[in-house]
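Encoded as structure tokens, the structure appears first; notes follow it.
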Amino acid sequence: MSSKTEEPIIEISQVSHAYGSVRVLENINLKVMRGEFIAIVGPSGCGKTTLLNIISGYENPDEGSVCRRGKLSMIYQKDGLFPWYTVSENIELSLRHITKSEQRKKQTLSAIRLIALEGFENHYPHQLSGGMKQRVELARALSGESDILLMDEPFSALDYITRLKMRGELVTYLRERPRTVILVTHDIEEAAQLADRVIPMSSRPGSILQVREMTPPRPRSLTDPAVTNMVGELLKLLNLQNGHHVVNIKKGEDHAL
Amino acid sequence: MLYKHLKRWALGALLFTVLLTFLRFEPWKFEAFQNTRSLKIIDVGFLPVTCHLTCPVTDYASQTSDSYRYDSQRFQDFPTMVESIRGGRLEATFMIVPLAMKLREQGVPVRIVYLGHRDGSTVMVRPDLDIADLRDLRGMTFAIPSKYSNQYLVIRRLMLEQGVEPEEINFIEMPPPDMPGALSAKAIDAYFVGEPFPASSELSGEGRILYHVKDIWPNFISCALVVHERLIEEHPDLVADLVRGIAESGEWAEENREEAARIAAPYFRQNVEVVRHVLMSPPDRVSYRMLSPTDQELQLIHDIALETGILEREVPISELLDRRFIPDDIRPLQIQ
Amino acid sequence: MRTKLLPLLFVAVAIGLWSLVSSLQIFSNLVLPAPWEVLEGFVEEAASGRLYQDVVASLFRVTIGFGLAVILGIPFGLWMASQPVLRDMMLPVVNFFRNLSPLAWIPFAILWFGIGDAPAIFLIFIAALFPIILATFAAVENIPSVYFRVANDYGMEKGEILRKVTFPAIAPQVITTLRVTAGLSWLVVVAAEMIAGNDGLGFAIWDARNGLRMDLLVSGMIVIGIIGVILDRLLVQLTKIPGVRWGYEQ
């Protein structure tokens, strides 16, 4: 099920960026269509988090421009939930524009139902497991009015099994609440399984190596030949560029820049 | 949620503070004070060295007036007391006489207006040592409250008489309350300090009396009532009242020693046995009469202080001593 | 149950041993008073009303001094964390003062404030102020930047961020510091009262010492210890507030 349209929602043109003398991004050009799921993969230090920050407007690029036609919501690797707020208080952060508290409560509840955390409304994040926390983050990001979901290594702090489960859940939630998604990850498998287009990046300076269309359309199983083939190809592609990084990529020990 | 709780805590803390402030200042008692019109409170400092027994009675004396009140302020050490006088926070205090001279020498305008008591100091030695006089204390450790104390001056004079050189006895300064314990632990071999510390050593059998001060320096002066000149100028009547209070309560204590012990002991957390011992055995161990110091007496202390290097230059006794406030006719205080 | 019973058991055994040693009269009463003497002393102090006066005096000084330090220290710490210039200027200074024993201020406390409540309150204030400033400042510095990004993502204004992010984020660390500094204040008040004045538990202890009343001294020590524990137990309740528990359970 791909909800991809031909209407561009984000246009990145000729973006370059440097931190001091270190060039992080080099001439990035990308058009993201409404409803599309983009996965940006690459080794740590390839500038993918910087790219995400530029897309979100948190950082301004040295050169080039980003054009957004929609509201954003962001999911972080960890600590994205306020530990002093309960599950429902955290979700309500994205519903601040709703003035009627009754309606806000109703929407919060429906978001909690979406992630199947009924009964945990008044729990605090530290009382939840890692997977549950990321589910709350997803619920919060998906219950607002946003059109675009930016995800920065959202599952990388989780264990492998939980990560697999979360992928399935993400697919389910997106079916309920469709969004344009840009996922930044170093998990090649995750990218290949979830995205419509996978964009591998090289590092120092970060630039787009290729743009790979994924067929068949989402959702896909992990054992789908298209997914396994793509994993093999991406590995080869990144390995050719930066051989020693592959080990880190597979282990998932690498952290974003 | 958080703020709801924090507000509750802040409110609790506020109530706690208000409650404590009330309990501390007991405003419901202020009204009684106001009825007696502007009550002037004068802090009288003292150290628990030798005047410990006169102070409770001094405090009693303040009850005789309804226009002023004397609050006794206990100090722990001389430096703090001196700081308070310099800072202008304390204008009347009991103080060892050489220290008053030292203050005067340093330009702090204080005057001696009266004495706290006479005698009342004792030289104690370890009971297990065979000590007959200071010659036997050669090479031993001898505790004194301060080198500015009269006790030290007396011992120095006695050493001179007995032919003991200053460096032959190892003097250390020690807070008086620690002396009985140090003697019983054999950390020191002898000490010389005001009562009631020697009495407590004697009662517990852990110290032996070598000399009563009256036997080596009759009419020994330890503490004097020292008053800042500012108080004398601004409130001569209060100084006179204070001196009369001390004189009359001293006279009363002379006539009612048993009773005085009973009153003084709980007043300052003293053991009544010890206080009675000080006042009764023998009765002339401490005296509350003849509290008017003569020029000659102070001159003698002054000269020894000069000799021993405690004072660096002369302090005219006429400037230091002010006998104007001493009443001619001293009657015992009426205590019911 | 176990954590309540075991300390009681230990105290019971300790008092038993103490009674035994005292009844054998190995030490003079000057060195170690007997438990029953301490109890008698305690009853004497309580009956005379002096104990109540001393407790009120000490608690009053701690409450005012500590309260002032909290009211001024936390905002100053926040302010310092928000102004880089102020931070660079004040951080070494605050650190310097934090490392000074509050007791070193005693001479100044007496010269500036005389005797009685004021110098003791000043000493407690000084003792608590600098750790509170420093802890508040450090807590703000340590807030993960992602919280501010999230706050920004969801459109919080500056004042709202202070109320809804900065403050709750530092609360656990600040509360821990409040517990520590309250304990410190209690230590300081007892020491400060030993210098000058005529009431307070510290005064009571030194007065007992001067009066060679070791029984009263020990009963005073016990009262001070028990009140200290009660104060701490009270402040521990702050850590049970739902919105700050995350800081202690992670």
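All chains are identified by letter, namely A, B and C, in their written order; residue positions are counted from 1 within each chain.
As a convention for this text, contacts are C-beta pairs under 8 Å (C-beta built on N, C-alpha and C of every residue); 3 or more make two chains touch, one makes a residue touch a chain.
Values in this document were obtained by computation on a predicted structure and should not be read as measured data.
The greatest centre-to-centre distance from chain B, using averaged C-alpha positions, is reached by A. Distances from each chain's CA mean to the overall CA mean are smallest for chain C. Centre-to-centre spacing of chain B and chain C amounts to 33 Å, using the average Cα coordinate of each chain.
A straight line joining the Cα centres of chain A and chain C is 48 Å long.
We define each chain's centre as the mean of its Cα atoms; on that basis chain A and chain B are separated by 81 Å. Residue positions 84 of chain A each touch two or more of the other chains. Chain C has residues 168, 171, 242-244 in contact with two or more other chains. For chain B, residues touching at least two other chains, in rising order: 1-2.
Looking at the complex, you find that chain A touches chain C at residues 58, 72-74, 76, 78-80, 82-85, 93-94, 96, 124-127, 144.
Listed in rising order, the residues of chain C touching chain A in the complex are 144, 146-147, 149-150, 152-155, 164-165, 168-169, 171, 242-247, 249-250. Residues 28-31, 44, 48, 56-57, 59-60, 63-64, 67, 106-107, 110-112, 114-115, 117, 163, 168, 171, 194-198, 203-204, 206-213, 216, 238, 241-244 of chain C are the ones touching chain B in the complex. Within the complex formed with chain C, the chain B residues making contact are 1-3, 5-6, 9, 13, 16-17, 20-21, 23-24, 43, 48, 52, 71-76, 79-80, 83-84, 86-87, 89-90, 176-177, 180-181, 184-185, 196-197, 200, 204, 206, 266, 268-271, 274.
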